[in-house]
Structures are given as C-alpha cells and as structure tokens.
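A, B, C and D label the chains in the order they appear, each numbered from 1.
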Amino acid sequence: MMPFIYKRTVRFRDTDAAGVVYFANVLAMCHEACEESLAASGINLKAFFSNPEVVIPVVHASVDFLRPMFCGDHLLIHLMTKQCSYNEFEIAYEVLAAEANKIVAKAFTRHVCINPTSRTRKELPAEILQWFQQWEV
Amino acid sequence: MMPFIYKRTVRFRDTDAAGVVYFANVLAMCHEACEESLAASGINLKAFFSNPEVVIPVVHASVDFLRPMFCGDHLLIHLMTKQCSYNEFEIAYEVLAAEANKIVAKAFTRHVCINPTSRTRKELPAEILQWFQQWEV
Amino acid sequence: MMPFIYKRTVRFRDTDAAGVVYFANVLAMCHEACEESLAASGINLKAFFSNPEVVIPVVHASVDFLRPMFCGDHLLIHLMTKQCSYNEFEIAYEVLAAEANKIVAKAFTRHVCINPTSRTRKELPAEILQWFQQWEV
Amino acid sequence: MMPFIYKRTVRFRDTDAAGVVYFANVLAMCHEACEESLAASGINLKAFFSNPEVVIPVVHASVDFLRPMFCGDHLLIHLMTKQCSYNEFEIAYEVLAAEANKIVAKAFTRHVCINPTSRTRKELPAEILQWFQQWEV
C-alpha cells in the first residue's frame, strides 16, 4: 500500500534565530500530516478533536533530524500507520525535501485512546480503525 | 495605581530566521502577562480557561514594534486594564527591555465575555471585575 | 485587480484550550499568506528571509476577530497590498470561512524596509515593488 | 550533583483544543530549560544563538507523556546533562507537576556541534563543556 503524502511549505514562523526550522515544529508538521490523513479518510476534524467521550493523545514521540529545513522549502511528509491494538496505534513519518528528494527528518508517534474525563483507556472508534488500515504500509 | 509587571525572558522558539522575535509572538507574550495577572488576583487559571459557561475571547488586538527583541533578552511587560463595561474590557501593554529600560513594543487587546455555546454576550464574572480594578491605571 | 487568495486548513496546533484558534495565530496565518504571495510573484523565500542586507519587519499589526475558527475549518485568506512609499507598505487581510463564505477575521500589517545591522530605513527592493503592484486592489 | 531546575507555568498558548498542553510544546519547554541552564552558567544567549561559527542543533529528540498538563499548572523541569564527546552531548529532562510532585513527562535530546555554513562537525566550545559538567548527574 501507499503512504499518505502531505505537502507542506516551511513557513517563517516555523524557523528560529539559527535560520532553520525549530526542532519541535517538525513534530507539529507531522501532526498536521496526521490530521490531513484523517480528513482524507472522511473524518470530520472539528467533531473528532472536540469529542467529549474520546481523545487519542500522543503518549510518545521521537524525531531524528538529518538535514536543515529553510523558510520556503517544499516538504513532502509521508505518513504510515503501524502496529495497532484495540486501544493504541503508532505512526511513522518521513519528511522529504521535495525538490532534492532527500529525507530531512524521520519521526514516530504513539497514540492511546482514552476517555478524556476519567483518562482511562478505551477502544479505538471504528472510523479510526478504518483510517489506520487505509494508510498501513 | 501601579501596572501589573510580568517578567519574561525571550526564548529561542519566540525567534524567527530574521534573528529576532517573530511579530505575532509578542501578542502571545502579552497574553501570558494577562494570565499571570489573573493568577496574581487569585483566579484559578485551569478552572477559568475550561469554564463551559463563560469565555472571554480577544475580539481585537493591535501591536506596535519599536525595537527588535533577541533570544535571551529580559523583558518587563507592564499590563494596565482600561475601559470596562458590563460585558467587555480593554488591556494596554508596554513591553520594556529590562536592562536598557526602553519600550520595545506596545500592544492593546479588547475582550468580550460570552457564553461559549451560544456565543452571545454575557456579564463579566465578579472575579474578573475585581481583577480589572486591581490593575486599572 | 484581484486579491491574492491563500487556502489554509486550521490545524490542531493553532487551537487553544477554549477549543478555537488562539488569537495571535490568526496573524501568523496572515503572514503565511504574505509569504505565499511573495512566492507566487517569483520571489525565492529562502534567499529573501536570509538576506543580510535587507529585512522588512512588521512594525504594526492589528486584527479583529468576528467568528471563532475550529480545527479542520477551511479558510481563504484574501491579501491586498495597500499604501506604499519608497521604504514601507501596508497589507490588508480578510480571513473567510470557505464553506460558509463568511468573514471570520480582518487583519492589517505595516512593514518597513531596513538594513538588519544598522536598523535604518532603506529603499524597498525592486522585486518587492513588483509584488506590491501585483496584489494591489 | 544536582540537576538544573527550571520553573515554568503552563500558558494558554501551550494548550490545544483537547484542553491540555499540545504534545510538541513539551519539547519546546524542555528547550527553554536548556536555555535557562546555559544562562545560569554565564553564557550570553543572544551571542550564543547568533554565533556565525558554531551552532549546536538538536539531532534527535524523544518524549514520553505520562499525565496531562493544564493551563496554569506549575511545572518544574529537571535538566541533567549526559554523555558527552568532543562534538556532541545529550540532555535528559523530567517534567514534574510542582504541587503534586509527580512526573508528567520525560524527554531526551541529542545535540551536535557544527559549523552552520559547511554543516560539518566541530569541537564543542569550552563554555559548553563547562556548562555540561555543571549539570551532569
């Protein structure tokens, strides 16, 4: 299967005084790719992110930086879903410089499905399982 | 009366590739000063910002940039409450470079009290009126 | 003439605990529209934003918030250049909810061309004057 | 030896529409702790972060989220330097909720010293080695 691909231009606000993208913003861009893949699977983001019964927070994130990213750079973020149990899943991301076709960063997030009030684990919603299968590599 | 004074060090994430603070982040720093002044008046921020009955969004903001701010700069943000009706108020901010004692930016925000569900105006809570009077100049 | 139009989906990171876009992030989105309009006029953003001889910082910004914006909302940001002298210019922005075709925010920025080392005013580069004329309404 | 401790109040801008701190912002807070520890060791942050000869970018970051963080929460970020060769070092962070005295997140960053133009590795400056030893546990 194919990964989901999210196109993203590096913005001025993504950068810092070293002239390149601020490290933590790369994880934020990966999360944008996740949001866009959810929308591409027909999930209503507004409803999903304000659901009072289910939230799926990130419980672990890691990222490796291979090359610097500059304002105006065109990025392609490849998203691949990985490993899924009934209440958690993982996502792998590869961030590529579009013109150079080189990997500039790799990231990874693990998400757990919980009830936002009790903060106890619960089953992943059916629409998330469908999304997961769509972008599994 | 005295303004509320909030101390803030410029952080690397506040800056952009021009080597200085990204313009919109100055308004975010002013909002931090507002939060700190609310806490100083005894308001519980967690409860205040997750109240399902009352929110007090910014409806207007403006900011003038007089001098550049660099990573590591020590800022003093002076907050003064201004103009208050039963359902809205205004805040003026002066951002000073602590060592140079020079104004680096001036900002202004107007806030309206609403019900977050209906988004119609409602009366300011009593604790906000008290906070307002405490920092009125 | 037509305004420049920038399409932008509201991201989770743009929002705050009130469930809507954090106020200062609307100005950041408008700046993204500015960057995209510069790129559309053939300006190399990486070179432009790391030019050691010329920077064009924001010296004033203001924004009015008319309606809340939620994660996943599709926005259209209309950019119109306004008022230009040899060393400064102004930009007006209208942020529309794409589906509802309603204005959700209006913003305004003023920019001054300076030498980043001396921080004294200098003439706007020719490519910026061309960009300005292209999106003047 | 003792870790460096950085006090940080959770700000509204740190949160997202799920009502808690946006995941990537926890890494940004840890970087703030790093900046503050550098300043505490006598390093001039403005000079350090705009040095045209030496930059020390993050090449790897990871973070585990144990408990949610809310607007207004008082955090204590413990910073401990780890593993150091002549051109790279690692930092471990523990983020604690101050009142509850519970760990809410753990993070880790690896940094490499490079020349920002050639992007090749170079020796860590003497002041960084001193800082490293001061906060080694």
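To be clear about the criterion, a contact is a pair of C-beta atoms (placed from the backbone, for glycine too) under 8 Å apart; a residue touches a chain by one contact, two chains touch by 3 or more.
Just so it is clear, the model here is predicted, and its values are computed rather than measured.
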Selected pair, greater C-beta contact count between B-D and A-B: B-D
Turn needed to bring chain A onto chain D - CA fit, degrees, nearest 5: 180
Interface sides of chain B and chain C: same vs different residues, half threshold: same
Most distant chain from chain C, judged by the mean position of its C-alpha atoms: D
Mean-CA-position distance for chain C and chain B (Å): 23
Chain centre separation (chain A, chain B; CA means) in Å: 32
Computed distance of Cα centres, chain D from chain B, in Å: 26
Shared-contact residues (touching 2 or more other chains) in chain C: 12-13, 15, 17, 19-20, 22, 24, 28, 31, 49-50, 70-71
Chain D to chain A touching residues, read off their complex: 17-20, 22-25, 27-28, 31, 49-50, 55, 57-65, 68, 109, 116, 119
Residue ranges of chain B touching chain D (in the complex, touch as defined): 9, 11-13, 15, 19, 28, 31-32, 35-36, 39, 44-46, 48-50, 70-73
Chain C-facing residues of chain D, complex: 12-13, 15-17, 19-20, 22, 24, 70-71
